[in-house]
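Common to both upcoming complexes is chain A, partnered first by chain B, then by chain C.
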Partner chain A sequence: MAIRIEGAVKRYGPKVAAIDGVTLETRPGELLALLGPSGSGKTTLLRAIAGLEFLDAGRILIDGDDATALTARERRIGFVFQNYALFRHLSVFENVAFGLRARPRRLRLTEAEIRDRVLPLLRTVQMEEYAERKPAALSGGQRQRVALARALAIEPRLLLLDEPFGALDAKVRRELRRWLRELHDRLGLSTVFVTHDQEEALELADRVAILNQGRLEQLGTPHEVYDSPATPFVAEFLGDALRVPPRLRRALVPDRPHGGLAMVRPHDIELLPPGGPGVPAIVRRTASRGGALLVELELEDGNRIEAEIARGDAHEAEGRIAPGTRVGLRARIAHLFDDAP
Partner chain B sequence: MSGGFTFHRPTAVPAFGPAFGIAMLGTGLLVLLPLAALLLRAAGQSFDSFVDAAFSPRAMAAYRLSFGASLLAAGVNAVVGTVLAWVLVRYRFPFRRIVDALIDLPFALPTAVAGVALTTIAAPDGILGRIAEPFGIKLAFTPFGVFLALLFIGLPFVVRTLQPVLQDLEPELEEAAALLGAGRASTFLRVVLPAIAPAAATGFALAFARSVGEYGSVIFIAGNMPMVSEIAPLLIVVQLEQFQYGAATAIATVLLGASLAVLLVCVVLQRRLERDRVA
Partner chain C sequence: MSGHTRPALRDPAPLAWALVGFALLWVGVFLVLPLVVVVTEAFARGWPRFIAALQEPDAIAAIRLTLVIAAISVPVNLVLGVAAAWAIAKHEFYGRGLLAAFIDLPVSVSPVVAGLVFVLIFGAQGWLGPWLQRHDIKIIFALPGMVLATIFVTLPYVARSLVPIMRRQGVEEEEAAATLGAGAVTTLLRVSLPNAALGLLYGVLLTNARAMGEFGAVSVVSGHIRGETNTLPLHVEILNNEYDEVGAFACASLLALLAIVTLVLKLWLERRMRLRAGEGS
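The block that comes next holds the complex of A and B.
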């Protein structure tokens, strides 16, 4: 099951375009992340795929068939809302059975058939023992699993998740992330999810589509987008990146001394002994950032930049990063872009 | 006071004393005092004369008409008003704001004006009257006219009670239903209606309470034939005009009791709906 979006445009008012000419294609069975800051159009794009928003221009093809004019009801797409949108007056069982009961009369199932469909789904999402509870009596993570089972009950061609982990606390989030990835691998259902958390997208998805101001910046595997960002925006959005000022360019990035814009990630900055090659700087402060050590460095012109070194290296470099020591800086890897926007 | 009854538990919200005092004084002076005076006045006569006045055939006919037409009108309004509120909240169409403003007209209009206006269209030569005539239905000066007037004045109560509730109802619920394959009607019946039922019950109760007491807009269109199209509030006025104060208060007492009973049923029903909705 593959979906293709061609030149999608959605405007709110004459000047505001939520999506502004997006073309992308999913691969059958893949888990695709739509990643971007708020206002980048990622949720609008997801809603357009579902048929909840209608495009001003462009087409949506599902398995090669034009689905642009189909209503949400006709598309048979599973959708999990950010706030889950569970039906409060219905039990967990009835929430999941909703889509089965909503079928047209000639396709309607018997009560026994409905049970045979709903109970295995509740087992899949580990909610079997809560079948008779109302949503109000469930935790956030449980509600989300019910919403997922409800979406899966209609045997969707495609599963869409809007900020699936947005409303959960950090621990539940991580657990659910792993669980969702396993579930996806087991079901093999093409899935698109929206997130603003780059870590989540890189960890979970097969491919990541990065959106900015309604445009697609890059589409690729987590390694591709992180290691070879297509645009300065992607480089900066997927973790920190320093825009190398022209006057430091030759010393910091000696192998590509000029042309375009060079960007360097903090963990790609190498600390060398003073007096040798590299940009001279003084260590001002160090701070622990989990497995890495953050080193705040003052350049000769008084500007400060940050480097990040792994904890193991930190021990070796101990003498070299004490506050007040002089060092030379050089970029191990730099990302180069043609035009500085 | 260890473990005993505390009248007012300490809170961070200030001014409990004055606020509570004003609230109780208001309730007492404006609500309880007049009702107590009514009951006292009604009790000032012999039991037999009370029963004679309160349950005379003419009074019984008036109760039947008042409560029957009010229940019916409030019921129809609960349905029509719910749909109207839904349309106003969920859809965007030309003149929506004007339609929305028109809903309040029965609130704002002096009841006598409403009565005259309704009588004009319902009279045999009026717009509605002419349409109904070939079917052998007489609108004006019949119980049907009473129903029509109550329909008119009750509508805003339902619409205005439901609008905020519908506004707060997440649109995602309806979208989720559509994505799961439910049509518009099915979405409304199975998703929207259960969520707004408590508010609809409140709207029904308000419309009903107003209808039972409605006087001005009804008396023109009703024709006020004793035993046929005479409403209970009018009968009270008739008794007062004849200086039958005892009879008037007796009828008023029955009206009060019955209204309270109906409101009580509505409150219980609403509580139950509310409970089913969440727990």
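The block that comes next holds the complex of A and C.
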């Protein structure tokens, strides 16, 4: 199952384009993340794939067939809403059975067949014992699993998830993330999910599509988009990145001293002994950031920048990061872009 | 919630008592007193006279006609109201605001005017009058006209009680139903309406109360033929004009009873809706 989106445009009003010419294609069985800040058009794109929004221009192809004019009802694409949108007056069982009962008469299943379809799904999402509960009596994580089972019940050609972990607290979120990845690998179902959380996208997805202001900035594996960002926006959105000012360029990025814009991630800044090569700076402050140490450095002109070093490194570099120590800064890796606005 | 108000929000005692007293007096004089009068007058000559007044053939005919009119106009407006509310609350289309405004029209139009409009259209001198006469169809001064007038004045209630509830619930569940392959009718019957069931009941209750109690519009199109085109409210007026006070008040007490039952059901529904809303958030 592959979805291809060609030149998709969706406008709200004459000037506002939620998505503005997006072309991308999913691969069979992959888990694709649509990542972007709020207002980037990622949810609109997801809804357009589902048939919940119609495009103003462009096409949507499902396995090569033009599905642009099909309604949501005809597309057979599973959709899990951000707030789950469970049917509040129906039990967990009936929520999951809804799609089976809504079938046209000639495809209608018997009560026993419905049970045989619903119960294994409830087992899959570990909700079997809650079959008779109403959605109001479930926790957020449980509701999400019910919503997932409900979407899977129609044997969708593609599964779409809108901010699947957005409404959950951090611990549940991490558990569900791992569980969802395992489930995806077991089902082998092509899945597209929307998130604004870079970490989530990089950790979970096979490929990440980064959207900004309705346009696709880059599409690639987590390693590709993180290690070789295509645009300054991608570099800055996937973790911190310092735009290297021209006056520091030669000293900080000695191997690429000219041309375009250079960006450096905090963990790619190397701390060298003072007096040698590199940009002279003074350590002002250090702070723990989990597994890493954040080092705040003051340049000679008074500006401050941040570097990040691994905890193990820190021991090695101990003498070098005490506040007040002089160091030299050099970029281990820099990302270069043509002159950006 | 604690029972007592914060001191800063508490009015000085005399003012508070004056306000409460005034409100009670108001309700007492304008709402409770008339009800008490209706009931005491109805029973002024004792039970037997009361029962006799209701067993009179004209009274029975009026009660039956009132029930028939309600039995036709309530289901019709149930269907119309659900359709209108669903369109207004769950869909975007050109002219939605206009539709919402038109639904409310019968509330602001005097019922007498509503009745006259139907006379103007279907009456002997009306637009369709000659045609109807040629085909021997009677609408004005007959049941069809009274049903039409009642449908007109009770049109808004179902839609008005459904729209706010349906709108508050958003369209996500409907969208979910669509992605699961459900068509419009399935979605309406299995998702939108069950979610708004209390609002629907509330609308039907108000529609019914108004349909049974309507005077003005029905009066214009009825023709006041005793035993044939008299509804209960019209019958009350006739008896009253004839100085049959026990009869008038006996029939009026039935209408008052309807009002009280409606009120109790309405309070119960409102409570349930508040509880439901609390669960949701």
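Brief remarks follow.
Rule of thumb we're sticking to: the second predicted complex is superposed on the first by the 341 of 341 C-alpha atoms of A that agree within 3 Å, B and C clash if a C-alpha of one lies under 4 Å from a C-alpha of the other, contacts with A are read in each partner's own complex, and residues count from 1 in each chain.
The definition used in the following text is that contacts are C-beta pairs under 8 Å (C-beta built on N, C-alpha and C of every residue); 3 or more make two chains touch, one makes a residue touch a chain.
None of the values given here were measured: they were computed from a predicted structure.
When both complexes are superposed on chain A, chain B and chain C occupy overlapping space and clash. When both complexes are overlaid on chain A, the residue A:Gly99 reaches chain B and chain C alike. In the superposed model, A:Phe79 makes contact with both chain B and chain C.
Applying the stated contact rule after C-alpha superposition, one finds that A:Pro266 touches neither chain B nor chain C.
Shared-chain residue A:Leu52: touches chain B and chain C both. Annotation: chain A residues 50-52, 71-73, 75-79, 81, 83, 85, 87-89, 98-99, 102-103, 136, 150-151, 153-154 touch chain B in one complex and chain C in the other. Across the complex, chain A meets chain C through its residues 50-52, 71-73, 75-79, 81, 83, 85-89, 98-99, 101-103, 136, 150-151, 153-154. Taken in their complex, chain C has these residues touching chain A: 172-173, 175-183, 186, 190-191, 194-195, 197, 279-280.
Across the interface of their complex, chain A is touched by residues 170, 172-173, 175-183, 186, 190-191, 194-195, 276-279 of chain B. Residues 50-52, 71-73, 75-79, 81, 83, 85, 87-90, 98-99, 102-103, 134, 136-137, 150-151, 153-154 of chain A are the ones touching chain B in the complex.
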